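Paired with chain B in one complex and with chain C in the other, chain A is shared by the two complexes that follow.
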Partner chain A sequence: MRSPAVYAVLLVMLICCTATVCHAEQEILIGLIPEENIFNQMARHKPLASYLSDRLKTKVRFTILSRYGDVMDRFMTRKMDGAFFGVFTGVLAMEKLDAEPIAHPVNSDGTSDVQSYIFVRKDSNIRNAADMQGKRIAFVDRATVTGYLFALSYLKENGITDPKKYFREISFTGSHGSAIYAVLDGRADIGTAKSKIFQMLVAKDHIIKDELVIIKRSKNLPDTTLFLRKDMPKNIRDRIREILLSMHNDKDGREVLHKLDAKMFSEAKKGDFSYFQELAQKAGITPRTYNYR
Partner chain B sequence: MCWLKSNRNGLVILLIAALSFLLPFSSYAAEITIGVIMSGDIPYYQEMQSAFMARIAKEGLSAKTEVLVQKPYPDSISLSNAARKLIAAEADVIVTYGAAAAAAVINEKTKIPHVYAAAYEPYISRLKAKNSTGTSVKLSMSSLLRYLRSMTQVTTLGIVYNSNEEDSLYQFREIVKICDQYGIRIEEINLRRHQDAKTRLKTANMDAILITGSSTAHMALPAISEYAHEHKIPSASFLLNRNSHTTVTMSYTPSEQGEKAAEKVIKIVDGTSVEKIRPDMAKEMEIVFNLKEATAMGWKLPMDLVAEATRLIK
Partner chain C sequence: MKKRLIYSLSLLFLLFSIGAGLTMLYTYRITRDLESVINLHRIEIIRQSFVINIQTVQSNLYATGTVFGKELDTIVDNVSTMDDSIHNCKSCHHNRDMTERLNNVDNMIQQYKDAISYLVTSTANEERIERLKVVAVGIGDSLLSKTQEMATIADATLRTKTFEAINAINKSRMILILTLVTSLLLALGIAMTLTRQITRPVTELANAARMIASGRLGYKTEYRDKTEFGEVAESFNAMSSALQVEREKTDRYIEQLSGLYKVTISFYDIMDIEQSLHEICSNISSILKADRTTLILLDEEQNAFRPAASSQGQEKAASDMTISMQDVVEMYQLSDGMPVIMDGETGGEFHSIAPGPEEKNAITAWMVTKENILGMIRVSSKEEGFSEEDSRLLVILASHMSVAMENAELYSNLQARMVELRETQEQLIQSAKLAAIGELASNVAHEINNPLTSIIGFTELSKEDDDIEAIRKSLDIIEKESLRARDIVKQLLNFARKKPLNLAEIMINDIIREVISFSSSQTRMGRVKVIEELGELPPAAGDADQLKQVFLNLITNSIHAMPDGGTLRVATSLMGEYILTTFSDTGHGIPETVRQRIFEPFFTTKKEKGTGLGLSISYRIIQDHGGRIDVESEEGKGTTFIVRLPKKT
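What follows is the complex of A and B.
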């Protein structure tokens, strides 16, 4: 008869093996917030998923979170391991899910920050908050800084406490690209969006620059940042961070980065999100209790 | 007594005579005559008129309202004649669809209140119109061109317009400026009569075709669509036609404008002075992609632009 100690050792070994096997079989699911057209976004991120999968020896899969407002719920219900969040959703993830910022892409021009733009058509005669009265404004989503919070803080700073009364129509386009197209087409008079998406569209079609005028820019904000759940094993989190921060050193990695219009990844820290607090205060928003839906 | 009796009879006769004189007069006074002029008989304005009539009916005005609809050919003489007819008929209010019809009424300098719809900005604001109010539209020429360019490489763009329709001419000039920035050559199709479309298109050479807000061009839409289909080139239009084969349409919803025109007319009928009714802009825009046509032609529409569509024809 074997002693209980042997059984205990066997049991521990079994648990360890099961955990390892489970992890090897499991996939790492990472969410993407809809920044631009989701088809383009998925196509741009697919090579990164393959690159991470190869190096982690675990399948990494990206999925688009249907809209900003659903991000937190989807993150939990779909048991995601991480997500590329914007500033707003990133702060919400830190506050509500205890997620950890890992890395953010550095643009091909060496910058890793973005701004929020408030823009109008050049032929619109709107140049400041006073001119906006009775007009139509297109925000991106309630849970974005570059597509909502900055514009809201700008309006509050200019004495507009109730945008619902001030504007003839308020719409939420769901993506930065759509907010830009809405103003270009004349479906909205004022728009707000992330500088990176704005510049991306201008690079594709230079006429956009002649037709739109940016009337207000925010200070620099960190671009999309990868956050991971803190309950994900620390060694995996560290490994993902390590892969991302060094991928610009190998040829395959550089190709993947090129698809993302990025030069490299740089390390993200909690302190990167301090400007958010300033904007939230001006806009009268408390992240923990904020109803972003 | 005899005198009284004969006088009473006389009084009755006098009363009947007075009543018979007054009755038609009072019933005539209760009637409202609305004159309507469309800049050409095209589906876009027909849809606007249907919405206008539905809103008038909803207000309970149908029974006491006479609506005189004029659908002249979209040239200045025909439009001007239509305006004069309605002025001669002493319409209580004149409603116009399209900038050309609006200009025709404004040029008559009539005191009859005028309500316009689908009038192109900034053209309509330049016409000094004291007794006019209405709903104007502002269209982004570059956006429609962008949607068109997303389907095919455009080296030469055919632009269908009518130099006799001021708004269409204005749009043509705007598009030419934009094409110049893109380095796109122009194939100018100045269509003064819709019957000439086939002949004009026969000698044209282009990669894509853009139809301005010209009514004449829209009357020629079947011929233009046929040409585009035969030559496998995408087409784009600023006026909605629910039965056309146009690949992409960017247009303000006609029903919204018809309803807005009716609301302004109702205010005028209720006694509000036309000067007190502020002009406004149409706000409901439709972007329609004809995926069925695009697929049949083998064009792949970029999803980021298709995502902007309000309606897809499959």
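What follows is the complex of A and C.
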């Protein structure tokens, strides 16, 4: 029989070895909140991971955060170093995870903002909040401004305080693309999604433009922004920011940006998210205590 | 042959080209088939990988609840790989059916991606999530069955293709072996035929060349064909014939040259013209292969040309024609000095030397010197007629004959002059002998007359004298003079009677030293200093006693030449084949007039002291040894006698 001390020593050694291996395989893990088809989204972001890995001399990997609502939890449990968050999740990350906004992509047309659309099928009779009663509505996720919070504030503005009673069915598609296709396929009557994803899918699939109609647009909101944990070494954060902000200056960087449908990266600041407060107030949401599950 | 070679080599090249072409063609086919099989295997690997990807995603979908964590990365990676695989497959060329199937699979993958994406990102109740999962898993299962279906088709295709490839390989191998064997056999056949066609004429020509080398000029090879070898054989036969002709011509020339040499030699042996001319005529007939040759020479007495000799003998020659000098000169001028051929067609104008009734034809060449026409050589009756070649040969013979005739005449004149010279010389010798004897007798008489005069004088005095003492003194003088006369006679006898040489190996330096030693009292009394400069000498063959006599005589003469004393330098040295011994004194020298006569017997300048025989005896002794004595002298300064004796061989 061996003594417990021997097992303790072995356990310490195992932990040390594991730590060494982990250190040897050190990587920067960045999450992507699902905006469209996750496979297409991953395909668009893969070149950026390679570009950052090459410049940082450290492996950078992207992973899909399956559902908006769970984003914060899984950010914690999977020990992510950062994530591309939307406005809502970005505010949550700043509030709950003490994350720092780094940069956000500038669209090919030079704009860096997005809007939230509320859309229906053209062949439906729904054109305002009153027409929506008893219909099926598809939100993206509770933790998204463009896919939920703007629509919720719109409903509240129009006197609809209890959506569960007002709509026949409420669904959360998890991604902006899914919400758009849910309405297009007739699985929902009303949908809400980010304008950038909507336009991107319209460019790929003209049926969307032909069969859907936008009945409400929000003010401009900042697009998906890269946030990094503040406990990440500052030099690495600065280096990542520097790479992203200058990548449009070299040929490889421009190719990567093209695949992201972006022109360049622009520096992100906390002030970019002030519109969220207005919407949250209208919707009656307090971010620090908001249960987004 | 050149064409055959070109055709054969072209055929060989064609065979190898066909072989190489077939090899390349079948190698290409085999490679293509094998590549096709390999590609099918690759497709199978892709398909299996594809199946694994689907199964992995399916298992993740089954295993995962409503919340996706790390496993989502696995799902994304596998589905992306599937997507890449199907696009990879579609990029290849396929038939319509397969393209349709692949498009179908691609569509299903897109549906699968949408379904999974929808499932993964949807936030709904469990029932709805489960419904979405069933949809995604259903598409995955359909994909699996579709893939299996395609695998069955691919497997059948793979089997068919593998079977076809193996068959093609076996067929190609067989064709390649057949091509190789056929090419080899054909190449061997061509090579053997070609070799035989080349070696046969070469062997024939080599054999013919050997025949010619062994002396069979004119040998002709039997080989005939229309190739270059045939042309070579024809040229070879022509060359052989030409060689034979040239050989015959050369033989003929050699024969003529031999005859010419024989005749020419006999020209220079002519001592008796009469005896030799007939023989020469016969030889000329023989060289020119003619029946008759007549030598027509100038008879100075008659001033006309008459046959002097004939190849048919003296009698025949004597009976022939006589041609006047005028006719001959005219004919010579008419012919311009060239030989005249008369054969009924040419030479009709030369009547005097025209062929006689018994003669078929004739050729006449002129024998001339610078100034005179000596005669003609007329050759007649040659069966095939006289040629230009005969003409040239006869000119040479006539020319040699002219020179020989001239030489013979010169020789005859020389002989006459020699006889005259010999007779004159004998007369001169006789006169010189008589003069010499007279002089000798005069000298002897003079030498003996002096003592005789004294003897007679003192004898007469003694007869008249009564004083015995005076008579005794007279008798002493008579005795002394008698002895002197006896010495003269004795020396004369010695001179007259040659003493035979007693030759032995001697060293000249030893003899010199002995003689100098022997005469030392004499030189001392004469206050003569003797300097010896004796070089290193080889032995000589000589009579030591006689040479001592010579050297002693020369030393004595030198002492006498220096009455007030002086220096005598005696030196020896080797000069070529001779040993030189010089005796140089510092005396009064010898005048030129005296020097010319000093070796004559009884010539002396010493009055009573000498007999005049010493130097002449010395001269003769040295001559007998094969050497010589020379004298060099300058009046008032001295004299040098140089004795040269041959070294022993």
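Please note the rule applied: the second predicted complex is superposed on the first by the 268 of 293 C-alpha atoms of A that agree within 3 Å, B and C clash if a C-alpha of one lies under 4 Å from a C-alpha of the other, contacts with A are read in each partner's own complex, and residues count from 1 in each chain.
The rule we apply is simple: contacts are C-beta pairs under 8 Å (C-beta built on N, C-alpha and C of every residue); 3 or more make two chains touch, one makes a residue touch a chain.
Computed from a predicted model, the values in this text were never measured in an experiment.
J.: Using the superposition on chain A, tell me whether chain B and chain C clash or fit.
T.: clash
J.: Using the touch definition from the top, say if A:G186 reaches chain B (first), chain C (second), both or neither.
T.: A:G186 contacts chain B only, not chain C.
J.: Can A:N220 be said to touch chain B (first), chain C (second), both, or neither?
T.: Touch status of A:N220: no partner.
J.: Between chain B (first) and chain C (second), which does A:F39 come into contact with in this model arrangement: first, second, both, or neither?
T.: both
J.: Between chain B (first) and chain C (second), which does A:S178 come into contact with in this model arrangement: first, second, both, or neither?
T.: Once the two structures are laid over each other on A, A:S178 reaches both partners.
J.: After the superposition on A, what does A:I207 contact: first (chain B), second (chain C), both or neither?
T.: A:I207: touches chain B, not chain C.
J.: State whether chain B or chain C is in contact with more residues of chain A in the superposed arrangement.
T.: On the superposition, C touches more of the residues of chain A.
J.: Between chain B and chain C, whom does A:N107 touch in the aligned arrangement: first, second, both, or neither?
T.: In the superposition, A:N107 touches no partner, neither chain B nor chain C.
J.: If you stack the two complexes on chain A, which partner ends up touching A:D141: first (chain B), second (chain C), both, or neither?
T.: Second partner only, chain C.
J.: Which partner does A:I64 contact after superposing on A: first (chain B), second (chain C), both, neither?
T.: In the superposition, A:I64 contacts chain C only.
J.: Under the contact rule defined above, give the chain A residues that sit at the interface with chain B and also at the interface with chain C.
T.: In chain A, positions 36-37, 39-40, 175, 177-178, 181 sit in both the chain B and chain C interfaces.
J.: Quick check on the complex: what are the chain B residues that touch chain A?
T.: 138-140, 142-143, 146, 178, 181-182, 250, 283, 285, 287, 303-305, 307-308
J.: Report the residues of chain A in contact with chain B in the complex, numbered from low to high.
T.: Listed in rising order, the residues are 36-37, 39-40, 121, 136, 168-169, 175, 177-178, 181-182, 184-187, 205-207, 210-211.
J.: What residues on chain C touch chain A, complex-wise?
T.: My answer: residues 67-70, 72-73, 76, 79-80, 83, 113-114, 116-118, 120-124, 128.
J.: Where on chain A is chain C touching in the complex?
T.: Of all residues in chain A, those touching chain C are 34, 36-40, 42-43, 63-64, 66-70, 74, 77-78, 141-142, 171-175, 177-178, 181.
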